[in-house]
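In the part that follows, the structures are each spelled out as structure tokens.
In the two assemblies presented below, chain A is common to both, partnered first by chain B and then by chain C.
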Partner chain A sequence: MRFLPWIFLAPALVIYSVVVVYPMLYSAYLSFFRWDGVAPKKIFVGFQNYVVLLTHNDVFWIALKNNAIWLAAALLVPTSIGLGSALVLNSRFRGSHIFRSIFYFPAVLSLAVVGLIWTWIYHPDLGLANQLLDALHFKFLERHWLSDPQIAIYPVILAATWNAVGLPMLLFLAGLQTIPSELHEAAKVEGAGQLQRFWYVTFPLLRETTLIVLAITSINALKAYDIVYAMTNGGPANRTQLLSTWMYFLTYNYHEVGLGTAIAVVLFSLPLIFAIPYIRLMTRKI
Partner chain B sequence: MSQMSTDAMSQSREPRDPRKSASQARRAPQISAKVAIFYTALIVAALIWLTPVITLVLTALKDAGDFAVNGAFSLPKSIRWANFSEAWQTGVGNYFWNSVIVTGIKVPIGILIEAMAAFALTHMHFRWANKVFVYVLVGLIVPMQMTLVPLTLLMNALNLIDTLTGLIILYIGFGVPFGVLVMRGYFRTLPPAIIEAARIDGCSWLKIFYRIALPLALPAVVSLCILDGVATWNEFILAQIFLRSDELRTLPLGLVQFSTQFSTQYDQLAAAVLISVAPVMLVFLLFQRYFVAGMGGAVK
Partner chain C sequence: MKSPIFHAFLTAAAISFACSVTPTLAQDNKPPVPKGNVTVSFWGIATQPWQVMIDDFDKTYPNIKIKWTKYSTDEIKQAVRVASAAGKLSDAWFNWGGSLAAPYEDGGHALELTPALITQYGVDKNIVPAALDLARHNGKLYGIPIWVRPMTIFYKKSLFDKFGIPEPKTFDDLEQACAKLKANGITPFACGGKFSWMTMRTTDFLIEHFAGPALHDKLFAMEASYSSPEVVKAFTKLKEWVDKGYFNDGFISLDPNESLPLLFQNKAAMTFQGPWIEDQNIIPAHQDPKDYIPIIAPADQKPVRVSGFQEQIQFWSKAKPDEQKAALLFASFITTPDVAKKHVSQFGSPSAVVGVFPSEDHPITTTMVKWLQSGVQLYLPTDQALPQEIVNAFFQAQDSMILGSLTPEAACAQIQKAVEDYKASH
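Entry: the complex of A and B
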């Protein structure tokens, strides 16, 4: 009887442990070795891979900076747009469901597809971005969006933002629905204006939702990979590498398994900062 | 803005409300101007938001020459359906069926084992439930990159590289954390009394699970089916690493490959992208409310 729950858990736990947990731990172990992935002998080097990354690997710093920009953008832009659209679309007016679907829609597309679509938009001659600037007589703003090393990461982030708005909007909508309308009525009777009601009623009650939204958005932002691969493949001159794509390059193109797994460890440690409050929140109500 | 929308809501219904007085009716023109502005703003925002999709559809419908001359954002001179059949025959059809196979096998197996685990965690008086749950939750933050090298070694040893079977196994493993999270969220809302009653009647746990708990959790199962189906359909990185031969590629991977191979044939490429998006779009339109329900379950 006592082991019965384990039987129910076994299929999920076994496959999860083999596919996710064990490889994760083994990656951490590999990050202390120099290895090309095929040679029978791995050479133990201690923390040297991490030192090499921090001191002798310029692309690592470019990637880290890009990840930081990406994360900052993800925490600010999609969350605000998501909150804004959720506030507008929360009330039921005619067609509100259609608008919800429209604003959520990009979130169901694969990031590879989003990348492809936006690559056309940024096409130097035929793309919508430059054609629009042309039509508005802002020709001086036209760029080779994805091949200009100075700016290429920003168009990619914009494309990712388009995809990232849906989830916060959905979560905020769910959060708003839990706020009893009596609270707003009462505040209205007391003479609270619209902004006051948002600031003193809606916002405090959305605190938990906001925390979850920020946690999920930051975790997703650090997982970004496909869209960069589809749009720039890390180029031009490695200027759009993220830790995730640079890990792939080092491991599968340069056969630097030690360096690659070391990056993976860094990439894993970063979201922990955001995930710990989230996991505590999930397990609190037991 | 939210105030505005509430106005739009109440006012648009007003004419049909017999209790409203004539004095309010006289104010109607001014109010409907407000409603009109609200809707116009929303529609403009929606059109801007959908511009990339509109561009995609327009590109898929025109021939390459038209695109080269007029760019993406113009109505097609003549609609060219052949783009779709040509894309389908140049490999996209094959990618499509691979995606169908992978998603079709992964999702039901995944949900079954996730539901069983979540049931054990919520209703079987299991002392380690909380610890096991945290162990599973860690998977939500593991970046794929953290597993790739060991998985490559493992899949190599098991001869599963470049097989759909291998990919499906990986997908099932990576699906466990989110699936358990959603199912657990829902099972927690089932009253323990139902389960207790069945226990007292001498029902076995297995029977309680598939006769009582699983049917009651149908809304969560459907939500998870949809969310997980879309996620599996869209997955890229594992497919990229573990599928090597062209005839096994799934859609996202195949499309990116297709785009490097036919980088100038925007018409066919756009058609190919539309083919890959169509099932997701259809599922989304049909089961829209389950997206909300599923995510709600995940954060409950």
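Entry: the complex of A and C
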């Protein structure tokens, strides 16, 4: 009977091992070779791919920097907007259910579709962004949004943010509904203002929800791939590459499987920084 | 040492499109038909007209089923790469040539069409020699060419007429046309540079103009330096055109498909494209194909060449014998002149099959086929001529120069460094 749980777990473990664990280990193994992904022979190069990435591959550093910007933006913007929307929508005013659906709507779209929509919004000649600025007489603000290497990553992040607000909002709403109304009433009786009630009652009681939101948002930010692929293809001149997209391009487009899988190892390691505390927190809860 | 691609250029240059070859079916030596029911897995581009040909094949060989999996351009490259590494390729797949096919040919994944197979499946009789030469790798054939795709400058006749601009016959004419269009508020070139290969077509044309065919081929063979003054001049001219506003705003991040509406809306007057736009873009947009005139991109060089490539069906060398035979039979069937002629209206762009000409309602393709028949030759685009590792450096250097973060000299030096690194590691 001691082995019964393992017997029940076995099918899932086998599938997980075959489709997740083995490819991960094999990718790590490939990162020590020079290989074009097709040739019968792989040449062992030790840690050379990692050295090349860190010392010779400029795009790797651009991608890492973009990932850091993306992560910071993801932790700050969608979570704040999500919390703000949740606080407003939790007050149960007339039509709040409709607004919940409207605000959550972008989250149900795939990032590829979101990318397509925003690519047209940013179109330099035919796009809504520049036409709107023109109509409002802010012509000086018009930009080639996705073509300017200095700013191109930010319009992509904005599009991703539009999609990413829904989930934190939903989680915060769920968290808010677990807070007993008596606590707010007691604080009100004690003379606490709206801001004080939020800071001393609501926010501390949302601690666990906030941690979960931050962990999920961070992991999603580091996983970002499809929206960049759809909107800029990593360009212009690789300025919007993320580690995930650069990994893809090196592996599949430029036949540098060793370098691509070395990025995969780096990319795998980064989310662990957020995933491990998240898992520990969840385990402790159980 | 000259690369096989370079040899392919020379051979292609030596032989014209050779539509004079008499169309003949390989009737004396009929290809073998597998007995029993066979299903052939085939990977092809979703926008190409495979279904019509598959239906026709199914009627002729009811025991063979072609299972077509549809991919986009970039998806199929990824799918073939992953599948070949996993040893699970489809029985047949659509592919380009040059360095995009070379890894599968060198790696033993693509079936070599031996002289016996070539004869047995009528490839030597049914396919024009120029297409076969473009398809050969190290002198061997690893697929059956279906289309030959020249790429060149198209101009919008109604706009040129409106501003009294004559059709450009020389490089100077082209520059004058650009200047006049720009002065009249029209963007000379509509371009979508998001994937870098559409911009590359103009870069290739400028290299052909400044370096000439001999040096251009040497560059592809990695026997000449990208830091040569001629290449630097080509990159400098590209940057000059960008700075003069000869390309649409923000073109560097636009999808190629997003650039064509500029032509349709009379906001741009020219584009660097292939004959496929006739079926895929111009006709569906209810535009008059006669208003979009392809011209031989005026490089002012001899021999007269335009960029171009062939597209082929390749076969998995490790497929089961019956599936392999059926896959070869399918490719052979659709490239027999009678069948190809029957499907010519769907086929669109220049067929690689002898004696097959576009239908009359395809003026663009007709014009381009006439060029090829009259001796206009083809050179591979950079992204098929150079190894993909170098293509990456080429794209980055080209786009960085356009964005102003590299000088033309630095961009050329960066490409040359990639060439030297590649040569040192291979």
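Heads up, the rule we're going with is that the second predicted complex is superposed on the first by the 277 of 286 C-alpha atoms of A that agree within 3 Å, B and C clash if a C-alpha of one lies under 4 Å from a C-alpha of the other, contacts with A are read in each partner's own complex, and residues count from 1 in each chain.
As a convention for this text, contacts are C-beta pairs under 8 Å (C-beta built on N, C-alpha and C of every residue); 3 or more make two chains touch, one makes a residue touch a chain.
A quick note: this is a predicted structure, and the numbers were derived from the prediction, not measured.
Colleague: Based on the superposed arrangement around chain A, label chain B with chain C as either clash or fit.
Modeller: Aligned through their shared chain, the two binders clash on chain A.
Colleague: Using the touch definition from the top, say if A:L158 reaches chain B (first), chain C (second), both or neither.
Modeller: neither
Colleague: Quick one: is A:S244 in contact with chain B, with chain C, with both, or with neither? Answer first, second, both or neither.
Modeller: So A:S244 only meets chain B here.
Colleague: Could you say whether A:R34 touches chain B, chain C, both of them, or neither, answering first, second, both or neither?
Modeller: Second partner only.
Colleague: Which partner does A:M24 contact after superposing on A: first (chain B), second (chain C), both, neither?
Modeller: In the superposition, A:M24 touches chain B alone.
Colleague: First (chain B), second (chain C), both or neither: which does A:A12 touch?
Modeller: The first partner, chain B, only.
Colleague: Taking the superposition on A as described, I'd like to know which of chain B and chain C A:V52 touches: first, second, both or neither.
Modeller: The answer is neither, since A:V52 touches no partner chain.
Colleague: Determine, for the superposed model, which of the two partners chain B and chain C contacts more residues of chain A.
Modeller: Chain A has more residues touched by B than by the other partner.
Colleague: With the two structures laid over each other on chain A, which partner does A:N253 touch: chain B (first), chain C (second), both, or neither?
Modeller: In the superposed model, A:N253 contacts chain C only, not chain B.
Colleague: With the two complexes superposed on chain A, say which partner A:P271 touches: chain B (first), chain C (second), both, or neither.
Modeller: First partner only, chain B.
Colleague: Which partner does A:F103 reach: the first (chain B), the second (chain C), both, or neither?
Modeller: first
Colleague: List the residues of chain A that touch chain B in one complex and chain C in the other.
Modeller: 37, 119-120, 123, 126, 252
Colleague: Contact residues on chain C for chain A in the complex?
Modeller: 74, 77-78, 81-82, 84-85, 103-104, 106-109, 193-196, 248-255, 258, 261-262, 267, 387-389, 391-392, 396, 399-400, 402-403, 405, 425
Colleague: Given the complex with chain C, which residues does chain A contribute to the contact?
Modeller: Against chain C, the touching part of chain A is residues 34, 36-40, 59, 119-120, 123-126, 144-147, 149, 152, 232-233, 235-238, 249-250, 252-256.
Colleague: Please give the residue numbers of chain A that touch chain B in the complex, ascending.
Modeller: 4-6, 8-9, 11-13, 15-16, 18-24, 26-27, 30, 37, 84, 87-97, 99-106, 108-121, 123, 126-128, 131-132, 162, 167, 170-171, 173-174, 194, 198, 209, 212, 219, 222-223, 225-226, 229-230, 243-244, 247-248, 251-252, 257, 260-261, 263-265, 267-268, 271-272, 275, 279, 282-283, 286
Colleague: Under the touch definition given earlier, write down the residues of chain B that touch chain A in their complex.
Modeller: Going through chain B, the ones touching chain A are 1-6, 8-9, 12, 39, 42, 46, 49-53, 55-56, 59, 67-68, 71-73, 113-114, 116-117, 119-121, 124, 126, 129-130, 132-152, 154, 169-170, 172-174, 176-177, 179-181, 205, 209, 230, 233-237, 240-241, 251-253, 255-256, 259, 266, 269-270, 273, 276-277, 280-281, 284-285, 288, 291-292, 295-296, 299.
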